Every structure is written in C-alpha cells, then in structure tokens.
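Order as written gives the chain letters A, B, C, D, E, F, G and H; numbering starts at 1 within each chain.
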Amino acid sequence: MADVLIVLASKSDKDVGDKARDMLRQFGVSHEVAVASAHRTPEHLKTLVQNSTAKVFIAVAGLSAALPGAIAAHTTRPVIGVPVSGKVSLDALLSVVQMPPGIPVAAVGLDRGENAALLAVQILALSDPELSKKLHEHRKKLEEWVLEDHKALSKD
Amino acid sequence: MADVLIVLASKSDKDVGDKARDMLRQFGVSHEVAVASAHRTPEHLKTLVQNSTAKVFIAVAGLSAALPGAIAAHTTRPVIGVPVSGKVSLDALLSVVQMPPGIPVAAVGLDRGENAALLAVQILALSDPELSKKLHEHRKKLEEWVLEDHKALSKD
Amino acid sequence: MADVLIVLASKSDKDVGDKARDMLRQFGVSHEVAVASAHRTPEHLKTLVQNSTAKVFIAVAGLSAALPGAIAAHTTRPVIGVPVSGKVSLDALLSVVQMPPGIPVAAVGLDRGENAALLAVQILALSDPELSKKLHEHRKKLEEWVLEDHKALSKD
Amino acid sequence: MADVLIVLASKSDKDVGDKARDMLRQFGVSHEVAVASAHRTPEHLKTLVQNSTAKVFIAVAGLSAALPGAIAAHTTRPVIGVPVSGKVSLDALLSVVQMPPGIPVAAVGLDRGENAALLAVQILALSDPELSKKLHEHRKKLEEWVLEDHKALSKD
Amino acid sequence: MADVLIVLASKSDKDVGDKARDMLRQFGVSHEVAVASAHRTPEHLKTLVQNSTAKVFIAVAGLSAALPGAIAAHTTRPVIGVPVSGKVSLDALLSVVQMPPGIPVAAVGLDRGENAALLAVQILALSDPELSKKLHEHRKKLEEWVLEDHKALSKD
Amino acid sequence: MADVLIVLASKSDKDVGDKARDMLRQFGVSHEVAVASAHRTPEHLKTLVQNSTAKVFIAVAGLSAALPGAIAAHTTRPVIGVPVSGKVSLDALLSVVQMPPGIPVAAVGLDRGENAALLAVQILALSDPELSKKLHEHRKKLEEWVLEDHKALSKD
Amino acid sequence: MADVLIVLASKSDKDVGDKARDMLRQFGVSHEVAVASAHRTPEHLKTLVQNSTAKVFIAVAGLSAALPGAIAAHTTRPVIGVPVSGKVSLDALLSVVQMPPGIPVAAVGLDRGENAALLAVQILALSDPELSKKLHEHRKKLEEWVLEDHKALSKD
Amino acid sequence: MADVLIVLASKSDKDVGDKARDMLRQFGVSHEVAVASAHRTPEHLKTLVQNSTAKVFIAVAGLSAALPGAIAAHTTRPVIGVPVSGKVSLDALLSVVQMPPGIPVAAVGLDRGENAALLAVQILALSDPELSKKLHEHRKKLEEWVLEDHKALSKD
C-alpha cells in the first residue's frame, strides 16, 4: 500500500530512481519501485498502473521517454516524469514535457529524481499536515546549507 | 478561499492563463487569477504567495520564465509551470523545467494551460472523490472524441 | 483486409495522413485510416493494432509523438513514424526516431506522409513484382520531372 | 545472395555496424557488410547497390550522413539509415531523416544498429513465417528481461 | 563554356539561385543554371558535373541538403553550398557544412545565394585582375551604402 | 564597502566565481563573495542585495540560472550574469540572457567569470581614471600575448 | 558629446535601435545613433569608436552578430550587445554572448533594445544620483503597471 | 610569398591549424602560419591581412568565431573559416557560416582543418594544372582507402 510508485523504464535508470527513493525515505513516505517499459511490456505496465494504489507515480525514463505519458494514459492520478540525460538529452526532456492536451505529465529537470520525489511529497502533504511540517523543515535545512556556504565563502 | 491560484507574469500571457481557467471552471474547482512578476514585483509576488491559501499554484510565464521557480521559492505547496512559446520557445521551456535540487517545479508543455489545470485537478482529486469521478468522466469524454474521429475518418 | 493501416493521433494530423493516403492510392495499395491516441485511447489503439491484418503501419503524430512507438509496442510488423511539425518540431522528430533497443520505428522526415507511404510500398514490393515495377515507374517519373525543370531553367 | 546489405561509410562506423550484424546473426538472416562512401567512392557505391540482390539495405553513417540517401538514390528497395553520434549528433540524425519527397529513408535512433537490423528482420518477416515466429520470441525475451529486472528491483 | 555552374536541387530553390545569378551577372561572370537532384537523378547529376567545364560550382539545396556534397563527390573543383531555410533550417545548414575529411564543401549562410556568387567571383578573381578590380569596386559600394545610411540615421 | 559583489548560486559554482575574483584582485578592485540562492534563500538574497553598497553585482549561476534576474529584481544597479556550463548549457545561457523588458541582465559567455569581472571593471572605470589606465594596460598585455604567440608559431 | 552611442549594423536593425533610443530619451540621457558594419566598413567603425566620447556603446546586430565584439575590440569602455532575431535567432544570440576571455560584451535578450538602454542608464547612474533617482521611479512605474494588471485581471 | 595564410585566433587552436598545415605540405603548397585575434589585436590582424600576398586565407577560430569574418572584412580574396568544437560547438559553427550579404566566408565543418586546406588547394588548382593533377591523385587515394576497407570488412 505504497503512496508513491517509482517506475523505471530499465535497470539502467536505477541511479536516477535511487535519488527519488532516498528522498522519499527521508520523508518517511511509503513507496515501491517497479521496472516496466512502455514499449517492451505495455501489458505489464498497464496492469501495474491499474492495480497500483499509489497516489502519485514517478516515471524515470531515458531516450524517447514515452514511459511517463504511457503511465498517464492508464490513470488520472498525478504522474511525475523525470527525463534522463544521454547523447542528446533534449530528446528525453522534450518527450516528457510535450504532452497532448488532456493528458498532463509533470516534468522535472534532467536526472532530477530528488525533485520528482519532493514534488510527490508536496502533493501528498496537501492532506497530511505532518508531511507538510517535514517539508518546511527540509526547506529550512536547504536554506541553512546555503547560509553555511555563504559564511564559509564570504570569509575566504 | 480558492484551491488554485493562477499567476500570470504579464497580461500578455492571458490567453494561456484562460485555458487553465476554463478547464478549472469545467471541473468546478475554485480558483483565482493574479498578475505578478518575479522581476518587476518580487515583493508583491512574495506577499501573494505567502498570503494565498491555494493548495496548488499554476504559473504562466514567457520570456526568462523565472516565475514558476520564484513562486516555488516562497511555498512548499506544488507549483505547476507553463512555459509560453515565443521567439525561441526552448528558453521558456528550459527555464521552467530545469530547476535546482530541492525546489521542484512541475513543468507542462508549451502553452498548455489546460494541462496545467488538469494536473492541478488530479492533485486536488487525491483527497476529493467527487473530483476524481469528474476526472474519469473527462478522460472518458476525451476517449469518445477520439473514437468519433476514428469513425468519421475511417469511413472516409 | 488492407495492406497498410494509417493511424492518426488526432484529426488535426489529417493533412499529413492524406499525403500518405494519396500516394498509396496512386500505387493501388489497399489501406485504411484510423484515429487512435497513445494517451487518450490506449485500449482502442491496442485492439486496433492487434486486430489489424495490415502488413505495415504508418503512424502520424505531432507533439510528444508517442504514437509510432505505442503501435510498435503491440506488433512486430514494421511501423513507420511521421513526425508532424509544430512549435518546436524537433520534439516530434526526436520522439519518433529515438526509440529504445528492441522496438524500432522507421522514422521519415517532418510531415513527410508521402515518403512514409513510399517506404511502405517499397516494403510491400519485396514480395509483389507488380508493385516493384510501379515503384520503378514512379522513380522514373520523379527523374523526368527534374529533367523537365532542368530543361526549363537552364534555358532561362 | 544475402538478404541484408550493411553499408558502412567508413571503418570508424564498424561498432554500430556490428550491432546490426550481431542481431541479424541472432535471427539467422543472411547478410553482408560493405564499406562505401557517398563522397569518396560514389561509383563503387552505385555498383555495389545496383549489383546487390539484398532485399533491405542498412546504411550506417556519421557526420553529413549522406550515405543512406545516396543508397536510396540507386534503389527502390527499403533503405534503413543509422545516424552515428558525434560532436554535434543532431547533424547526422537530421541528415538521415530529413529526405526530400520521393526518396524515403527509414531512420532509426542514434547508433541504433540493432534496431536497424530488427527493422530489416520485421520487413523480411512479412513473407517469412519462420522469421516472424522468431521475432515474436525475441519480443517475448525482451519482455522477460524487463520482468526479471522488475522482480529484482521491486524487492530491493 | 560558363565559369560558374549553379545547380538547384529543385525548382523551389529558384529564388536563392536567382540571388547568385544576379550577382554573377553584375560581375559579368559567365554562368549556367541547372536542376539536378542528388537523390532523384544521381546519373544526370554526375554527367552534368563531369561534363561541365565550370571552374566553380554553386549548389543550392534545402532539407538534408546532400546536393553540394554529391557534386563534390564528382569533381575536385571548388563546390560552394547554399543551405536553404525551411521548417528546421539547421538540418540544411548542418548537412552542407559537416562534410567528411577529404571532400570539402564551402558553406555559406542560409539562403545566401549572393554570397555564394561573391565567393565564386573571389575565387575566379585570383587569376583575373579585371574581376579583382570589380570586386574592390563592389566592396567600395557596400561601404558607401553603409556610410549613406550612417549619414541619414545619425542626423535623425 | 566593496565595489563589486560576486554572488554564487551554490558552492559548486566556486570555480567560475574564482575567475571573477582573480581578475578583480588583479585590478585592485574591492570585492566580496556571497552565496545566495534565488530559490532556496530568497529572503537572504534580497537582504544581501538591498544592504550591499556594491556598485556592480556579478551573479554566477548554473541550472535554471534565475540568480542574476533575481538580483536584478532587487536593485537598479548593473547586474552581470555568468551562465555556467552543464548537461545542456543552453538552458543556463538562455535563462540568463532572455530577461523581460525593464529588468536587464548583462550576460557574458558560458563560465566566463573573468569577462564578468572585466565588464565590472569597465563600468567602474568610467568614473575612475586610474582604473581606466589599468584597463588599457591589461588590453595591451592581451595584445602582447597574441603577438608573442604569433612570433613563436609563425617561425615554426 | 553624447553619453551613449547606439551603433546599428545596418538600417534594417533600426526598429531595435529605436527601442533603445526611446528609452534613453525617456531618461534624458544624451545619445547618438550611428550605422557601421564590422565587415563592410571596419575602418569607419574603428574611427567612430575611437573618436567617440560616449561612455557606453550599444551595438545592435543581426546575422553573424560580430558588431558588438568588433566595437569592444577598439575600446575598453562597456559595450552592450543586442542580438536581433531572424531565421535561426540562436546564431545572433550566441555570436553576441560567447566572447573570448579578455574582451567582454554585455549581452541582453533578443531584440531587447530597451533593456540595452536601461543597462546603459544603470551604468551611467552609478555616478549620477539624478539618473539613479529616475531609475527608481521607472522601476516603480513598472511595478505599478503590474499591480494595475493584477487588479484588472484578478477581478475578472 | 606563401600562397596560403593560416590564421589562428589563439595558440589553443594549433591542433586544428596543424591539420591544415599538414595537408598543404602534402600538396607542396607554400603557406605561413600567423596568430591574430579579431578582438585582442584588430590592428595586427588588419596589417597582417593587408600586407599578406597570400591568395587564400584559412581562419581557425573557436568561441565567438569572429576571426574569419574579420579577415574577410579586410580583403576580397577568398577566406575559408574553420569553426572549432567546444562547449556548445553550434556557436562557433553559426558564427562562421552566418555572414551578412556582401562578405562571404567559406565555412567547412567543425575542426576540419584538413578540409579547409583541401578547399584552398582546389581554389589554387584552378590556375595550376600540376596541383590539379595532385588533387586527382589524392582523391584516388581516398577512394583506394575506402576500397581497401571494403575488402577487409566484407571478408570478415
């Protein structure tokens, strides 16, 4: 009964998927990882999505990044797409973000698994005050890191 | 007490904003429209975001599309960014989607105000079964339109 | 019992589809037109492809041109993808041509419905000597048109 | 009497050609490899293509990838073009896919020699039921690999 | 016995070819215009180039602009390539300029037929003092035009 | 009381910032370094800019390079933006240079911290004859370096 | 004795130059307009720049936008470059912004003559308190325009 | 009294220049190498070009590749520009090839020093039958290399 389902197009996208996973763990958000291909296993993908009770999907995908859109085709729950950098990079990014009207995908930046996870957390936090509090603390921490760097470098 | 706040970078982005508005109306989702510029009115933008009780922000922005990121800097609620097409187009798209770690923006396609709205509806529907039902019906309608076109064209 | 199935992602791609159709008619190749969307009607698309007895598929698709790949996912018969030009153009082209290993799509140029049809004819002609002869005649005609233009312009 | 002729623009494209070769071997499809340059040996290229009895041509070519088109200019049989990645990459891809009306090339993705071979196999399988069966088995194997990865990673 | 042969890939490139023609006329340089396609009439193109006594070739060509390179393949005389702007534009430009080692093409800017002609004139002028003098006068004229504009606008 | 404030978006941009620093040191221009993020510490950034008495700001920023624009939003003093190269590079460059009317940023080339510093020096030199003299000497040195290289290589 | 010299590469760039001019007029900053080409009138350009007593140069340039750099080569005063949009647009933008180390150009966005002027005003304002005050008022006005649009649209 | 003058924008472009040099040596064409910068030493560049008796100029240039155009501004003899690959690569290529009307530069591919030299040889060969013969032999050699590779690989 995971809140987030992370779907990888192939094992080679594991690194980007792990960034999402680590972030979700940090927030204590329940999640599962799956491997499914829009092109090689369309039936497996469909079953996976339709049987999943996840509230948010994170789709990690490299070239011809059809995966996020293919997931969005089988659900009306939010789908977050993470393009993976490669030989061209723009191909993955454009495939993820340029969706037809009616079937949105929420694209994050190239290889930004952690931002996909944070976006998922932001969505879940809308009805989970505890999670919302954790998000504020996380943002605070980011701020503190910058301020520490500021102190270190401005004294240089 | 609107659920969605649509923020335009300038009046010239109204057309794209209206696509979002029309879709939200169609779903009966409460929403407000604001104009605020990350560069010209940073204080107004900050106040707007921090005082808003909206659950989801939709930021429509053209040139140097800093608006979605600037909103995301002031909230931990989900921010959906709509790049607006122009002389280069890639500049707006890349500025919206390529965010630093920790501050995600959910990018949708160029000028896709309607998809930004649908994404917002999908997010709100996670805790609103009525809305979720409407989403299924909307998806059904999209399907029917395709099937009608199929019938018309395959008989041609 | 058409030899070629032309699939449009939406009615707005009809012009590019018609270029394919006209070329197939010219060669007397049996064909059908269908409308199906990888994202809006994945089930309809799957049924369409799996029930079709077409030998070759031509998929015409615009932005986030997932259609050719989605068809290729449901068949091992050749799929020809036609990217449609738009605001960015490169997005459609890259989505069609950059497929993962194992699931090829035969991409032709932007809006080149006629070339998709010719490629289909070339494929069918491998086991149809009559069609092969027509292809040679068509190529001859192209040549003659160039030579006529040459005569006209070099006398200018 | 090979069914497929793989043409390399130069020895430096051998790696991409070998991906095509390995795949054809796997399917037991007869094939030959040739080196010919559209610019350095146009006569050799022409003779090669016109004397070949291959049913399908696979042209592997890097920058200013004129080779696939130059082959297509001498035959009405299907020509599959494989752009090779390099300093710009887009140059090879665009040169292969953007062909003038009347002379199609079936472009596959950057460096995707294996997909070019699979496309050739799909074309040949149209009149070879044995090959068609092998294609289904190959697709099945791809599917199983994904499912194995799914099992491995989802248990992690 | 023209000094320059202008080759168009098709009649649709006539406008760009005419810019070259007008410039050559202005310099009194003998020239001819031909239409030949690298893909549709490779034999005609070869015969044309090999029978031509032109000292310099100007090749005007649009998408996947293989024409300049195809001419260069049949001669060791200088070939000037003019990419023609279109849906992508970069495709023509990159195809013309990115040639393999050993077979150079002298690329000029998009649609710059006049610059191709000037380059041809510069080449011919190396062994024609009269032409060289005309080139200096032409450059002088360009300079005067700028100075006139300067006078007009700086008084505004 | 530094004349120039160098702002880094994060510690990872230190190398580019150091190029600016070294150049300012060379000219004896007083300067300070700060770390501030448009997205993670918008308040800190605002305070920093509004409290600074620097005459010129240099903003070094990578991904979604909103930093220069965010600084420009809080001051009417000149802001020089340095895009940092990365996976796409064009994203940073376009984000920095494509600003909306009314809020200019002076963009320099990718990773060109030293040019940002020189531009700052040029600006400060307008009211500092000593600095202006140093600039001429620096330009002279650049010239001499080229002339030395010329001597070395032309004798080769 | 103008403070700003606006240099156009040709009369066809007048529209973009006029945006700069209008803005400078609005601020009461003395300025002159000149036409000079880096390629057609290098001597005129050099004389113009070296004889000018302008404190800041604004260079407006389209195709192969060498003008800003060519001006920067003859002065150590600040040069602001305005790329002009055209068939490719990226070519002008990249030519203006990507300068070699030692010779910075301050690039502003495509066609942004008004921002070039504002940048010049910001530079001049460093030693002119009156101008600085006017800049604050101008920024205030921009802010008010946004707030008016906000009022109008949020009531819609 | 060299026939060709190779101009490098800086010592860092020496590798590309050496490719040109080696090719010219191979053809026994007299040549000299110079270093000159369009931006750092405009006077030195002008003197160099105006004093040179070279028939053809080869300009090698990286970032903001203004060098070829700057040379063309001072001569009506043919100028061949070699863009050098770098962080973006397209910037150098576009700066070299996209010249304004009236001042052509003959662009060759990225880093293609050898092709620049061959183009120079082709130009010089127009009035040098000996050189023309050598060009044919060189082309023959290129052809033989391809045929040898063909023999080696087709037997594999």
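Assume contacts are C-beta pairs under 8 Å (C-beta built on N, C-alpha and C of every residue); 3 or more make two chains touch, one makes a residue touch a chain.
Every value quoted in this text rests on a predicted model; they were computed, and no experiment measured them.
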item: Partner chains that chain A and chain D have in common; value: C
item: Steps needed, at fewest, to go from chain E to chain H via touching chains; value: 1
item: Listed chain pair D-H, B-F or E-H that repeats interface A-D [over half of contact pairs the same by residue number]; value: D-H
item: Cα-centroid distance, chain A relative to chain C, in whole angstrom; value: 34
item: Approximate Å spacing (C-alpha centroids) for the pair chain C, chain G; value: 49
item: Chain D, residues touching no fewer than two other chains; value: 10, 37, 40, 63-64, 88, 90, 93, 97-99, 102-103, 109-110, 139, 142
item: Which pairs of chains touch, using the document's own definition; value: A-B, A-C, A-D, A-F, B-C, B-F, B-G, C-D, C-E, D-E, D-H, E-G, E-H, F-G, F-H, G-H
item: Residues of chain D that touch chain A when the two form their complex; value: 85, 89-90, 93, 109-111, 139, 142-143, 145-147, 149-150, 152-154, 156
item: Touching residues (chain side chain H, partner chain E) in the complex; value: 55-56, 76-78, 80, 93, 97-99, 101-110, 112, 114-116, 118-119, 122-127, 132, 135-136, 138-139, 142
item: Residue ranges of chain D in contact with chain H within the complex; value: 8, 10-11, 14, 32-37, 40-41, 44, 63-64, 87-88
item: Sites on chain E touched by chain D in the complex; value: 9-10, 37-40, 42, 46, 62-64, 66, 69-70, 72-74, 88, 90-91, 94-95, 98-100, 102-103
